[in-house]
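The following pair of complexes shares a single chain, chain A, combined with chain B in the former and chain C in the latter.
And then the complex of A and B:
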C-alpha cells in the first residue's frame, strides 16, 4: 500500500496539478486546430518538460495527449476537418450529424465516450502492466528482438493505405537510427566526419521537424486560408448521456476492448484503433445503411477506441520500453532523460512513480469532461483564430524547442532537414508514423540482434531457442504472412476489376 | 512535388545501393559474423527492394510524368512561400548567435506574417509580443540559453 500513498503524495501537489491543467488546455488547443496532431502537441511539449521533475513532466504529456485526441473531434464535427488523424475515421459522420442540427449530441457523445474509453484503457494498464512486467523480467535479447520487430511490423503495415510506402517510411526511420556512434560495435556510421552527428540524430528536433514544421510548410504554402463554414450553435452537450450509454453500451464496450488491444500492440496507435473500430462497428451494426448519414453508433465505438488505445499504448512502453504508438515513442525519450528507464525493472525499483503515472491517467480522463465542455463552448472562437498568425508563431516555438533540446544550433538544422523530409513524405503519401517508430525502435532491434548473435556465436536458431521467443517469432511470421496474403488478394481483385472494365 | 513511382523507385534503389556499398567499409567486430555493417546493409537491401517494387509498379503505369506538381503547388507563390520559410529558419541558424534571439526572431516573424498578408501594424505588434513571450517562457522560466548576441539582457 505504501507505494500508492507515496504516489498520491507525488501527484497531489499544487505544482503537479497546475502543470496538468496547463497541459490539458494546451492539448485541447492544439488538438482542436485541424492539422495540428496530438503527436505534435506532445512533441512541442517536450522542450518544456526538460526543466520539470519527472512526475509533472510525464503527467503533462499524458494529459496533453488525452485532451488532444478528444479535442480532435471538435473540428471534425464543426468543420468536417479532423483535428487529429485519430478523428479522421468518423469525421464525415460527425459532420453529417452537425448538419442535421445534432452538434450537441455528437460532441456530448465524444466527450463522454472519450473519457470512458480512456478510463477503460487506464484500468487495463493498471492491472495488466504489473503482471506483464513479471513476465518481461524473464525476457532476454531474443524476446526483445521479436518485440521490436513486431512493433515495426505493426507500425508499417497495420492500417497503412499502401504497405510499400509504410515500409519505405519505416526504412527511413531505421536508417536515421543507424547514424552516429551509438551502435553495438561503437563505430561511427554515416557521420561523414561531423562531430555533431557522432552522437546520432537527436530524436526531439527530428520529431518536431517531421510533425510540426512540415505542417507549417504545408499551411504556409496554401497561404493559410481561414476555415470555412464553422457550424456555430452547440446546445447542451450533457443532454441524454444516460440514454446514450444505455443505447450504445455494446458498441462502447467493443470500442473500448478493440482500442485497448490495438493500443497494446507495439507500434499501432489511436488512429489505427479509430479506423478499425469504425469498420467493426459498421460490420456488426444492425443498421449498416445508416452509416455515413449522421449516425451515432460508429462514432461512439471509434471515439471510445481512440482514447482507450492512448492509455493502453503505455503498456508496451512501460513494460518493455517499446513504444505502443508515436506519442509513447516520444514519452520513452523523455522517460530516459528523467532517469525512469522504461522496462520491467521500473516496476521493481520505482513503483510509486508508476502508480503516480496511473493516477495521472485517471485524473486526465476525469478532467476531460469539464475541460471538454469549456473547449466546445470556445470552439467557435478558437476556429476563428487566423492561421496566418498562428503558423509563424508555431514555427518560432519549433525553432526554440529544437534549440532547447541540446542548446545547440545543430538541433535546429536537424529540425529543418526533417521538416523538409516530412513535407516531401506527405506530398508522396508516405506515412510519417512508421518513420518515428523506426527511429526509436531501430537501436533496440539492432542491439538485441547483435547481442543474441554474440551469445549464440552467430547461430540464427537462438531466436527460437526459448519458448517465449519461439512463440513471438511464430506469431510475427504469421502476421507477415497475413500481410502478404492481403497484398496479393488486393492486387488480384485490382486486376480483376481492371479486367472487368476492359 | 510528387514523384512518380518510377522516380521514387529509382531514388530508393540508388540510395539503397549507395548505402549498402558504403556500409561494407564499417569494421567488423573481431571474431563475430555480425558487426556494425549488418544492420545498415539489411536496411539498404530493404530500400533497394522497395525501390525495385516501385519501379515495377511504375513500369505498369507507364506515361506518368516523373515529377508532378501537386494541386496546391500550382498556386502561384506556393513553392516560393515554402522556400522563404526555409530561408527564414536558415537565417536564424546563421545569425541568431551573433545578433541575438530577440531581433532575429522578431524579423523572421514579421517576414512570415507579411508573406501571409497580415497587415503591417498587426504583423509588427504580434511579432514583438510573440518573441518577448517566447523569450520570457524559454529563457527565464525554462532556462534555455537563447543567444543574446547584440541585445542587452531583458529585465526579466
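And then the complex of A and C:
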C-alpha cells in the first residue's frame, strides 16, 4: 500500500492541483475550437513542462488531452463542427438532436459517457497494462490492414443508412487520401507540381469544410431560417443521467471495451474507435431505423469509446515507449526529460510515480464533469443568437481553425473546396462521415497493404499466415457475407411483398 | 512594456560598452517583435521537441517571444520551402534537417542547403543497426555474412519512408562493405517507432534508426543494437561498438538538425542570432534536455555549419546515386 499513499502525497498538493485545473481549462478551450486538436493542445504545453516537476508536467498533459477530446463534442453537437476527428463519427447525430431541441440531453450524455469511458480505459491501464501491451506488440502490417479495412467496412456498409451512398462517400475520401507524397513509395500523386499539394489534403481543414462550411452554405441558401426545434432554457444537463445509464448500459460497456481494445493498438486511435463503435451500435440496435434522426444510442457508445481509447493508448506508451497515438508520442518525450523513462522498469522501480500518474488520470476524468458543465452552459448560449449573426461567426472560426492546422492559407482553400463538396454531397443525400474516415484511414490501409506485400514478395498469403491476421481476416469476410446476405434477403422480401400486392 | 524597455536599454548598453564587438546600430533594434521558428515535421517528434526547447531558451536570450509552428507534409518539402520563402528579416527562422540534402536528389524539389543562411548546427544522432533481442545474430559481422549469403529479400529493414535517412544508412553501409544493397529489401514506415514495433512483432529483421529512437525497447530488453555509425561510441549506450570496431567500415551517417534563416539574412542579424544560439547551446537547460532525451549534441556556427551542410549534401548524393535512390 505504501506506494499508493506516496502517490497520493505526490498528487494532493496545491501546486499539482492548480496545474491540473489550468491545464483542464486550456484543453477545454482548445478542444472546443474546431480545427485546433487535442494533439496541438498537448504540443503547446511542452515548453511549459520544462519548468515543472515531473508529476505536474505529466498531469498537465493527461488532463489537457482528456478535456480536449471531450470538448470536441461541444461544437460538434451545437454547430455541427466536430472539434476533433474523434467526434466526426457522431457529429450528424448529435446535431440532429440539437435541432430537435435536445442539446442539453446530448451534451449531458457526452460529458457523462466520456468521463465513464475515460475511467474504464484508466482501470484497464492500471490493472492490465503490461499483459495487454504484450499482445499489442504482436500487431504487424497484415493485422493493421485488416483493422483498417474493418473500420472502412463499418463506416460505409453498417454505419450508413444507404450502403451504396455510404460507399460513394467513402470512395471520395479514399481518393482524397491518395493526394500528395505521403505514400509508401514516396511518389507525388495528383500534386500538379504544387509544393503545398505535396503535403496532401490535411483532414482537419477538409473536415471543417465538409461539416461546418457546408452547413453555413445550406443555411444561407435556405435564407437562414430560425431553429426548427424549440430550444429549451439552459437546461439541466445532469437530468436523466440515471435513466440514460439504465437504458444504455449495454451500449456503454460495449463502447468502453471496443474503445479500450482499439486504443491499445499503436496504429489506431480515438477516431477509428468512435467510427467502429457507432457502426456496431447500429448493427446491434433494436431500432436501427432511428439512427441518424437524432437518436442517443449510437452517441453513447461512440463517445464512450473515444475517451476509453485515449486512456488505453497509454498502455503501449508506458510499457514499451511505443506511442498509441500522436498525443502519447509527445508525452513520451516529456517522460524522458523528466527521468520517467517508459518501459517495464517504470512499473518496478518507480511505482509511486506511476500510481501518481494513474491517480491524475482518474482526477482528470472526474474533473471533466463540473468543467464540462460550465463549458456547455456557456456554449449553449450560442444557440440563442440569431442564425444570421451566428453563421458569419462560425465561418470566422472555421477560417481560423483551417489556417491553424498547418499555419498556412492553403488550409483555408482546402476548407472552402470541401465546403462546396460537402454541400453538394448532402444535397444528394450522400453521408459525410464515411468520407472523413476514408481520408483518415486511407493512408493506413494503403501503407499496411504495401508493406505486407513488400515483406511477402507479392504473395497474398501473407494476409492470413499469422494467427491474429488470419482470425481478423476470416472475421471480416464473415462480416461482408452477412452484409451481402442481408441485402439479398431485403431484395427478396421486397419482391415478394410486391408480388403479394399484384 | 517595462521588460521590453529594460531589455532595449540593456542591449544598447551592450553596444555602447562594446560587449558585442560586431554590433552595428541596427542591432540595437533587432528583434523588436516576436520571432517564428518553422518546423518541417510534426508536433511530438524529435525535431519538434528540439525546436521547442531552443525556442523557449532563445526567447530568454532575445527578449522577444519565439513561436514554434509546424509546417508538415511532403516528407519535409513543405516546411523546408516555407523557411526558404520567408522574408529574410530575421523574424522567421526554421529548423533544417538532414533531409534538405536528400530530397533534391530524389527530384522532389529544387531546394538545397544554399537556399538558407546557416546559423547554427545544434544536434546530430548517428544511425545504429538494431535487431530483435531474440535474433540469432550476436554481432554485425555475423549479420553481414548472412545477408551476403542469402537470396535477396530474406532480410527486410524498416524505420523510415522510402529513400529516408535510415534507408540510406543501411544501403550505404552495405555498399561500403561491398554487399549489394538490393539484398535487403526496404519496408517503408512512418518513422522509427512503427518500424521498431514491426521489428518486435517479427515483420522486419533490421531497423537502422538512431539509438535514441530505439532506447526504450533496448532498455526493455526487446531490441539489441549491433553497431552505431559514428566515429565514437554513443554516450547513451557505451557498450555498442562503432561500425569501424564491429565491421571495419568507415561509413558514418546520422540525422542532424540546425537553425537556419532564409537566404540573405542581414549580417548583423545573423551574427546576433548565432551568438544567441551559442549561449542556448552552452546552457545547462539545453544540455540537460538533450542528455535526458538521449539526443546527441553537435555545434557548428554560421559558415562552418554551411560547410557541414555542403559536405553532408555531397556525401548523401553520392550514396543515393550508388544505391540507386537518386533520380
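Just so we're on the same page, the second predicted complex is superposed on the first by the 274 of 502 C-alpha atoms of A that agree within 3 Å, B and C clash if a C-alpha of one lies under 4 Å from a C-alpha of the other, contacts with A are read in each partner's own complex, and residues count from 1 in each chain.
Everything below uses one rule, namely that a residue touches a chain if its C-beta (ideal position, glycine included) is under 8 Å from a C-beta of that chain, and two chains touch if they have at least 3 such contacts.
Worth saying up front: this structure is predicted, and the values here are computed from it rather than measured.
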_Which superposed partner A:420 touches (first chain B, second chain C, both, neither)_ = first
*Who does A:455 touch here: chain B (first), chain C (second), both, or neither?*
second
*Can A:477 be said to touch chain B (first), chain C (second), both, or neither?*
neither
*Does the superposition put A:322 against chain B (first), chain C (second), both, or neither?*
second
*Based on the superposed arrangement, let me know which partner A:195 touches: chain B (first), chain C (second), both, or neither?*
second
*Considering only the touch criterion stated at the top, classify A:409 as touching first (chain B), second (chain C), both, or neither.*
first
*asked:* Between chain B and chain C, whom does A:488 touch in the aligned arrangement: first, second, both, or neither?
replied: neither
_I'd like to know which partner A:175 touches here: chain B for first, chain C for second, both or neither._
first
*Is A:131 in contact with chain B, with chain C, with both, or with neither (first, second, both, neither)?*
neither
*Of all the chain A residues, which ones make contact with chain B and with chain C?*
47, 50, 184-185, 407, 450, 454
*Contact footprint of chain A on chain B as seen in their complex*: 1-3, 8, 12, 19, 22-23, 26-29, 32-36, 38-40, 43, 46-47, 50, 53-54, 57, 70, 72-73, 75, 77-79, 81-82, 85-86, 88-90, 92-93, 96-97, 105, 108-109, 112-113, 115-118, 122, 126-127, 130-131, 134, 138, 141-146
_Residues on chain A engaged by chain C in the complex (per definition of touch)_ = 39-40, 42-43, 46-47, 50, 137-141, 180-182, 184-186, 188, 195-196, 198-200, 202, 266-267, 319-323, 326-327, 329-330, 332-333, 336-339, 341-345, 406-408, 447, 450-451, 454-455, 457
*Which residues, counting only chain A, touch chain B once they are in their complex?*
47-48, 50-51, 164, 167-168, 171, 174-175, 178, 183-185, 187, 189-190, 213, 216-217, 220-224, 386, 388-389, 391-393, 395-397, 399-400, 403-404, 407, 409, 412-413, 415-416, 419-420, 423-424, 427-428, 442, 445-446, 449-450, 453-454, 458
*Touching residues on chain C, where the partner in the complex is chain A*: 42-46, 48-49, 52-53, 55-56, 68-75, 77-78, 81-82, 106, 108-109, 153, 156, 158, 161-163, 185-190, 193-194, 196-198, 200-204, 215-217, 219-220, 222, 285, 289, 292-294
